[in-house]
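Shared chain: subunit A. Partners: subunit B in the first complex, subunit C in the second.
And now, the complex of A and B:
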């Protein structure tokens, strides 16, 4: 069991990180134009909004929350030293998770019931969707049944992740945790492992300048009326 | 295929050697002393002086290395000591194996026969201030000297209203009485032996002062106990759902004028125009 845990939390993360870095670069240099999540908005545009917007806003918020907890653990603990603030943080995170979950359900329904969306959904898309669904459900379950993650993250997950960075993995922090949290952590490494082979690569090439560039006006460079006379 | 086996084998060996290098005395202090004494009387678990007169060494090694299996097998002696320990089960210690268990038994025998005098235990007296500070420590309002995480991160006490404390660890309302009052709890808090708390507090131990203050708070909790409730979980879920509905209303209104289709709005508009003409 000890060896099994070590392989799972002490060795597999390095494999996942290596695969993530190496194949992300490899795919970008060899097949750069495949770096996309292939929009299907054109094929179905009604459920699309209620799937895409909640999912993306939800998951970006949750991801940033995890990142802040990892980078600034002492600030999170100070914030949580007041119970009201702890509750605000936990409920906000839970809302973010539920928002993501609703978006994911809409994604599943849309891609399964709409024939046009279904046909452009690859096997890897289904795998990644299922994996993220497991992540969202195990995260929500942890928030409810193994609270308060925003505080214990700093004492359990943080030292574990730091030990990975120091190349001295301390799996003792993770191995005794409830199965739901272990599933969440394992799911994270697995997602990283599959990242370069899936549509998740679009995260690396988000066209952020869209957010602040000046609006563009697209217009014909000939007189379309003249053309049909 | 041989390389992964070799690597995992090597890791297993080095980790086992790492644990084995700890002296039994050091290991006893970190992992056993929280619940046991050698000749100092019963704490949470039994006094280990003369332990080998009560059970065979083989039984003891089995018990130390895998207490859960011995309990599950329906062993009457294991069941008896569980009841005597207020149903607090013996926990498997980090890195324990048969060889280390045997060395621990040797160490216990050595201490028991050496006639080392047992220091008498003087229970602390708790002041009302201790209870207040203890509560502040529990809630994280007063930071721990050695930067350990506050108890509320993982633990609940019934007096906490609202959304309550954490649910990762056990409810601590009756911990003072369950873990053998001041003497048992002091030892426990000095080096929490459970697999979840041990790695967290190994490098961030509580100070003696903090232990007294926390115990004052726990004693008070145990005496003025409130019934446990699931309301905090239900409230948490309810607030989350309400907030999520609000978020949906929010995005729906922000993007109410969004582009949805080309043909359908045109058809709708033309129908509207026709009906206006006819009317």
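And now, the complex of A and C:
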């Protein structure tokens, strides 16, 4: 059991991170064409809004929450020291999760019932969707059955992730946790592992330079300043 | 001054017979792949009609093009910061239902059907899902006013007409139509380029062709929403946007684009225009009625020694300048002022110009036409079957005067040629008409020549591309020996 846990939480994360970084870069540089949001809004434009908007805003909110908890644990703890503020944080996080769940359900329904959307849903899409669904459900389940995660996250997940960063994985933080939380953590590593082989790569190409560039783009076949005639 | 060259086009609507040869030529070359079946980079619409996609001119719905924003312009759809909240669901993106679901027929059933009492049929089958479908509409469903009570009646350009005019237009014995072939306008101020969050769309510096870099396109679909002419399309299979490429591989080898080359009515002209790229923002910010002249102002005289000098300093090849001097587009647009941009009020500065159709306008006067000429020289365009407001709504942002100017000139040239060849109209009357239409005999002969008897070389003045001077050629060719070459090294298959 101990070795099993070590492989799961001590070794697999490194494999997942390596695969994520290496293949994302490889795919970007050598198979750049395959990077796309692969949107199906064009094929089905009605449920799309009720599915994609709540899902994306929900999951970004939740992801940022996880990120802040990881980067600024002391800040979260001091925020949570007041009970009202703890409630506010927990409730808004839970609402974010529900929002995501609503979007996820709509995505499943849309992809399953609309023949056009179904035809462009690949096997990998279903795997990724299922995986994210498990994440959302286990996350919400954790919030209900093992509440105040925003506080205990700092005592459990933070030291674990930090130990991973120090290349000295402390599996002991994770192994005794309830199965639902373990599932959630495992799901996260698995998602990272599958990331470069799925449509999730579209997250890496969010259009940031757009906000700063000039409206019009011009490309030259030859450099007018370098004419050699 | 920042002089650039632009491959520009003129379509002479008076000559279009609506045969769709252009559309078929384009489809066969470029859009017969999976995911592109529904695209028509070139299509021919019937006007009045709703076009493709349905009611594309309705910018309240599609929010394409630019709108005035103080001294500048901004995208109507999702420019700059507005892309962030809208990136997950583009609020103004047309869906496949606004175009049509492409289909084929189950021809095998004709052979494989079991013996029975009735003839087997080839049922229509969706090319998206592969399931049998009921066809409700298709591309060009309203060709030649087909279903006009549904389509022609909903033409957004009719909004400029009075109720009475609308009723007259649809009186059965006065029904009138003309064809409106459309390709990408390769605009000077393209909304698609400005809207692309990935910076995948760009204008080629040398010839102004607007392209989508397939490697950089991430399928955010902003270009589809932003293009007011709906000439960028989303390939639902590859997850990339595609559009008319003006057959640049043909242009670079000195051939006219396929739709131009195949045009039966010879309505299409192609040539170079020189323009001042520094003026785009200023000119695009003018009021609706000023825009036609503003665009003409941006187009520079290729014979002006100053312009030639500046163009050379900007790296424009002398062969391109030479082509600009012989450009039929320059004559139609700038010298004769006969070709007008479609829907200039979208502020993208389309570089495809149209000579508006004359026939439907005056044919209503039938027997009276000649009488009118003799007295007031020109028929009363306002009495015409196609209301002048309709044409102006399409081509001059509602300015009837500019439309009358073009129609008058066409009318005068026609009368002049009739006086020359048939002789039943006196040359004096014809000359009077020419003067009234701001036209000289030499000009009339020029218009006649380019309109009626122009050769292939007159119609398509294509500058040499000089790819031998392109950037890749400046690199050491030996360095690339045994390499796979340029461009795509992978099959363009859908990503995971």
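Assume the second predicted complex is superposed on the first by the 207 of 229 C-alpha atoms of A that agree within 3 Å, B and C clash if a C-alpha of one lies under 4 Å from a C-alpha of the other, contacts with A are read in each partner's own complex, and residues count from 1 in each chain.
We adopt the following convention: a contact is a pair of C-beta atoms (placed from the backbone, for glycine too) under 8 Å apart; a residue touches a chain by one contact, two chains touch by 3 or more.
Worth saying up front: this structure is predicted, and the values here are computed from it rather than measured.
Engineer: So, A:75: does it touch subunit B (first), subunit C (second), both, or neither?
Structural biologist: Neither partner.
Engineer: A:199 in the overlay: touching subunit B, subunit C, both, or neither? Say first, second, both or neither.
Structural biologist: second
Engineer: Which partner does A:2 contact after superposing on A: first (subunit B), second (subunit C), both, neither?
Structural biologist: The answer is first: A:2 touches subunit B but not subunit C.
Engineer: Applying the touch criterion given at the start, work out whether A:177 contacts subunit B, subunit C, both or neither, answering first, second, both or neither.
Structural biologist: A:177 contacts subunit B only, not subunit C.
Engineer: What is the contact status of A:53 with respect to subunit B (first) and subunit C (second): first, second, both, or neither?
Structural biologist: both
Engineer: Based on the superposed arrangement, let me know which partner A:45 touches: subunit B (first), subunit C (second), both, or neither?
Structural biologist: both
Engineer: Overlap of the subunit B and subunit C footprints on subunit A, residue-wise?
Structural biologist: Residues common to the subunit A contacts of subunit C and of subunit B are 45, 49, 53, 57, listed in rising order.
Engineer: If you look only at subunit B, which of its residues touch subunit A in the complex?
Structural biologist: That would be residues 7-8, 11-12, 15, 94, 139-141, 143, 148-150, 152-154, 160, 162-163, 165-168, 194-196, 198-200, 233, 236-237, 239-241, 243-244, 247-248, 251, 255, 258, 260-261 of subunit B.
Engineer: Residues of subunit C touching subunit A in their complex?
Structural biologist: 79-81, 83, 87-90, 93-97, 101, 128-131, 189-190, 193-194, 196-199, 201-206, 214-221, 224, 234, 236-240, 280, 314-315, 466-467, 469-471, 474, 488, 490, 492-496
Engineer: Could you list, by residue number, the parts of subunit A that touch subunit B in their complex?
Structural biologist: 2-3, 6-7, 10-11, 45-46, 49-50, 53-54, 57, 77, 80-83, 86-87, 90-92, 94-95, 97-99, 102, 143-149, 151-152, 154-156, 159, 170, 172-173, 175-178
Engineer: Which subunit A residues qualify as touching subunit C in the complex?
Structural biologist: Touch residues, subunit A against subunit C: 31-45, 48-49, 52-53, 55-57, 115-116, 118-120, 122, 124, 197-199, 201-202, 205, 207, 209-211, 213, 215-229.
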